[in-house]
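Worksheet: one structure, shown below.
Order as written gives the chain letters A, B, C and D; numbering starts at 1 within each chain.
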Amino acid sequence: MKEKEIRAEGNVEYRFTHPDDFREHVRDRKGRNPASKLCSAGEAVETFVRDGDYIVYDFSSLTRGPQALVREVIRQRRKDLWIGAEFTLHESSLLVGAGCASRIDVGFLGYGNYIGRAVCAGRVRVYEWTNGGLALRILAGARGVPFLPSRDLLGSDNMKVSAARTIEDPYTGGPVCVVPALNPDVAFLHVHQADETGNARIFGTNLFALEAALASFRVVVSAEEIIETDEFRKDPMRTTIPFFLVDAVVHAPFGAYPGAMPARYEIDLDHVDRLNSLDTDERMRAYLEENVYSVSDHEEFLDRRVGAKRMRDLRRRATIVEGYR
Amino acid sequence: MKEKEIRAEGNVEYRFTHPDDFREHVRDRKGRNPASKLCSAGEAVETFVRDGDYIVYDFSSLTRGPQALVREVIRQRRKDLWIGAEFTLHESSLLVGAGCASRIDVGFLGYGNYIGRAVCAGRVRVYEWTNGGLALRILAGARGVPFLPSRDLLGSDNMKVSAARTIEDPYTGGPVCVVPALNPDVAFLHVHQADETGNARIFGTNLFALEAALASFRVVVSAEEIIETDEFRKDPMRTTIPFFLVDAVVHAPFGAYPGAMPARYEIDLDHVDRLNSLDTDERMRAYLEENVYSVSDHEEFLDRRVGAKRMRDLRRRATIVEGYR
Amino acid sequence: MPRKVEFTDTEFMIVQGARLIEDGKTLFVGWGIPQVVAMLAQRLYVPNVTQLFEFGAVGPRPVLPFVRGTMGGPQNTYRSLQWLNMNWAFSFSAAGYMDYGMLGAAQVDPYGNINSTCLGGTFEKPERRFAGSGGGNQVASHCWKTIIIMKHEGRRFVPKLDFLTSPGYLDGPGAREKAGLPRGTGPYRVVTSKGLFGFDGESRRMTLLSVLRGIPVREVLDGMAFRPLLADPVGEADPPTEEELRVLREEIDPGRFIIRGERML
Amino acid sequence: MPRKVEFTDTEFMIVQGARLIEDGKTLFVGWGIPQVVAMLAQRLYVPNVTQLFEFGAVGPRPVLPFVRGTMGGPQNTYRSLQWLNMNWAFSFSAAGYMDYGMLGAAQVDPYGNINSTCLGGTFEKPERRFAGSGGGNQVASHCWKTIIIMKHEGRRFVPKLDFLTSPGYLDGPGAREKAGLPRGTGPYRVVTSKGLFGFDGESRRMTLLSVLRGIPVREVLDGMAFRPLLADPVGEADPPTEEELRVLREEIDPGRFIIRGERML
């Protein structure tokens, strides 16, 4: 079984898994028993993230991103990661700057100068799938089909630097774009609430949370709150992800910091401005040393680098709660 | 523009709309202005349902089905309708028995003997897409693509009596099934709550409510309650359908009767048993005369054929409300 | 030594089905008898099974007693973990998350192919018309192990189906994969009111595994229009226990909508 | 007679964009300046426009003042009619429900093709790298009328793009349809800090429609590396009104994160 096939078309590499291979992984390795999957961020990354893995996440660096998990990946010095970068703002910079990531499927590759310069210097390879194309690839992976069609990408240069193809639609005879299914090795999802078995709730919009959970070999959920399973059964419309798609549950309050968690805490703009200003390797190293390597885990980071007072203030500034429940 | 193209492959007719033709209908005929679309069931059917139309609905005859709208279609004696019958239990019997429908895409064609006999007698043509195939066709219509692929139907006789086809997957080289997009003329959706402009909420599961609303030329929503638009803005996660997909809003309390409306009223099993017992044209005619033709509208039907006491009892029996809000 | 108890053929069929499911697995539940099987199994044997209904109820805990004729209603979708829709439900099965699927059938052939569409005549004008696939085709195509549950009646076991609604092993070994169906899937058991069948690992042909204790193998075979393979030896299935019957009759179906049938033993 | 007011090139650009949108229509809003344009338009001119963000916010009413750097946060998705996800958002546009799309660009060519990916060098090692398409390709592919909004700088108007990120009319009349893009779609206007462009109905080439009152046409053309067609006559665009500026400066962007720029007039 070739779980992690990397294919190439011309200069373009792309990750592809035959649906049958993914299905067999699901059959043999995903647990449908509602056991506790609670562990620390360190344990989750140790167990479920390997060198060379393809990683996706939801939502963005600024809103509900899995920042605690990304910092843990850097702390554990994973190598040669491939990022499916839908809204990658600072994660890409940090993961490339820390030497963890070598390939990025774009997406939206913002912002700050660091990542742009890394691309220009050839320190990271990029492929252009566009946001819609990546979301569609993950939907294909989630639906167990090898591809899905769309009517975009056509006519653009993205088709030359991705493995999207044009085929003849069997019903109209016209050209349609197809993209190959994507089954990431790892999906990181930071959520508002989860239970120990992995049932999870996101409040607000998402990119492709359920799609990514279905499509990924390993799913790590980090959650602001751990709640009882019974709460999910009382309100099934609020469930975003059912437990049997999930491999690990990490209780990570302030797990999206320095981004915002809607209705829980606001973005720390001072910290984000510092991230935006990381334009040299020297500054990058200093940032990583201070915020990642010099602290042993997320909790120590919160205690020593953020602090209760700032967390209190950020919580207080999250004044919009309507709809997030 | 061929809005309503009926294609044939061998003996198999199927409904197909080029995505460009559907898009132009949306551009020119769907209103994005949040004006009131409130009207009576009679007006909605008069304006939006035509002879020869292809109709889909959600959910089933027994749960949250658009029964008031179906009865109005019969009352207005539409002809030659084509039904996309995902969970058609009594609707098919009634629509065929009343001479309104001549073709059914199946789906699940239950139950009672009437509809089975009508098929055997050749009084209605049926095509077999399966539930998954029909849901996928509507998803394709909603996504603006001419087809979608899947890994079912393959090897079955459904492929001989539908226009599903096998193509070679461009990424694995293996066979996959494709089904053509379906853009129904009309979608009937009975919902818990709607505002006058068409924003709508369904509580509980659905078949393809949002897909059908996106994919259909004309969308008629009937609602147990009419609420203020502001309520939708306070809780955007609860919205099932946004207003600009909707053409008409009908305030129809007990609109799913004799089926159940989850958390509002229970199924009327006595009435359903009568529906199940309609096995001859004579009984069918008597049922239709009593429950459709002899009453001028849904409200008169409720007053004279159901009655406040029965409605009160059915409401009282809807004791499960958890999660439906 | 157990007392002899009276039960119906339907009760035995349901009980056999319920004994097949593993705990901590997922079960795609078809309309009708499979609903009752799932209830009995979860109540007695597999508390941590996760049921899935095709219209998007994930992990429901149906209210007992069973409410007839309303699979999608609040009673049957009670206390679900998640409420979604049909395209999501079939994504779960297509992506490999569903261990078991359970379906009824009007006809079944030696390769476990299912007809639930029509009998006799032509497809356009059959002699009898049934509900059709519903989501049965998807369940039989996608789930790892499909369980077919049906009364043991001669006209149901046929060498050739009048219509192939949901795929078994099609025309033999490798045929599913060749057709493009997911690898490693297929019919697992056929549960009837008289016995239990599996499928031979090589020939993929239906194989009689066991019969209800006290019923001669010959009687089971006489009720079939083709001859299945026979396990060596053909086992004996225990009749329903008193506890199984009590739960079925008192908790699940006191109205006897489902469990009525021919009396046995 | 209106008094002369001072404003920035960015303010003029935003105001021009806001004046283009029709009320009672849908608008697919890109990241950054388009967000502010949509806010101003909805506040002053088109109360019943329905905004759509690519991550699934349908009909949001963003909180004023504008909060920078967090399009997906509670402020910008406030009071949406519906919260969905990305695959649904692009279904709305693909199925034809989005009247207008509004996007920024690093480069644009005479056919309204957009580059927002990279400049110079090769794709693998460019001289400058931008964010890439994001959802821009989908917006430009699907929406009925795409509006491009960008500063009027010479290096941005080029005869040939370094990378074609989001499709305009590709290489001319009929090319979009031939490529398989939805019929009848394409770039509608290019809004800059000095003027407004459309596209010729036959040749599909960019056409200067109007310039900011007081700016010579020549100055606008000098800022471009290709020569657009000229409307006959080229019109004059009104500078921002006091009310437009007041709303922009006091209600929408008091922190001047977006509206700062070169001073004009």
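Everything that follows uses one rule, which is that contacts are C-beta pairs under 8 Å (C-beta built on N, C-alpha and C of every residue); 3 or more make two chains touch, one makes a residue touch a chain.
As the structure is a computational prediction, the values presented were derived from the model and not from experiment.
Common neighbours of chain C and chain D under the contact definition above: A, B.
Work out the mean CA point of chain B and of chain C, and you get 29 Å between them.
Look at where the CA atoms of chain A average out and do the same for chain C: the two points lie 40 Å apart.
Separating the centre of chain A from that of chain B, both taken as means of CA atoms, is a distance of 38 Å.
Looking at chain A, residues 19, 143-145, 150-151, 174, 176, 204, 210, 234, 236-237, 322-323 sit in touch with two or more other chains.
The residues of chain D that reach two or more other chains are 57, 77, 79-80, 83, 90, 94, 142, 182, listed in rising order. Chain-to-chain contact here is organised irregularly, matching neither a line nor a ring nor a star, and falling short of all pairs touching. By the document's touch criterion, interfaces exist between A-B, A-C, A-D, B-C, B-D.
Every residue of chain C that touches chain A in the complex is listed here, in rising order: 23-26, 48, 50, 57-59, 61, 77, 79-83, 88, 90-97, 99, 142, 144, 182-184. Across the complex, chain B meets chain A through its residues 16, 18-19, 143-151, 165, 167, 169-172, 174, 176, 178, 180-181, 203-204, 234-238, 322-323.
Interface residues of chain B facing chain C in the complex, by the touch rule stated above, are 11, 59-60, 62-64, 86-87, 106-111, 115-117, 119-122, 125-126, 128, 130-133, 135-136, 139, 150-158, 160-161, 166, 174-177, 204-211, 260, 262-263, 267, 269, 272, 318, 320, 322-324.
Chain contact summary for the complex, chain C toward chain B: residues 31, 53-57, 63, 68-75, 77-80, 83-87, 90, 94, 117-118, 121, 123-138, 141-142, 163-167, 170, 175-176, 179-182. Contact residues on chain A toward chain C in their complex (touch as defined above): 19-20, 22-27, 30-34, 141-145, 199, 210, 214-215, 229, 232-234, 236-237, 239, 242-245.
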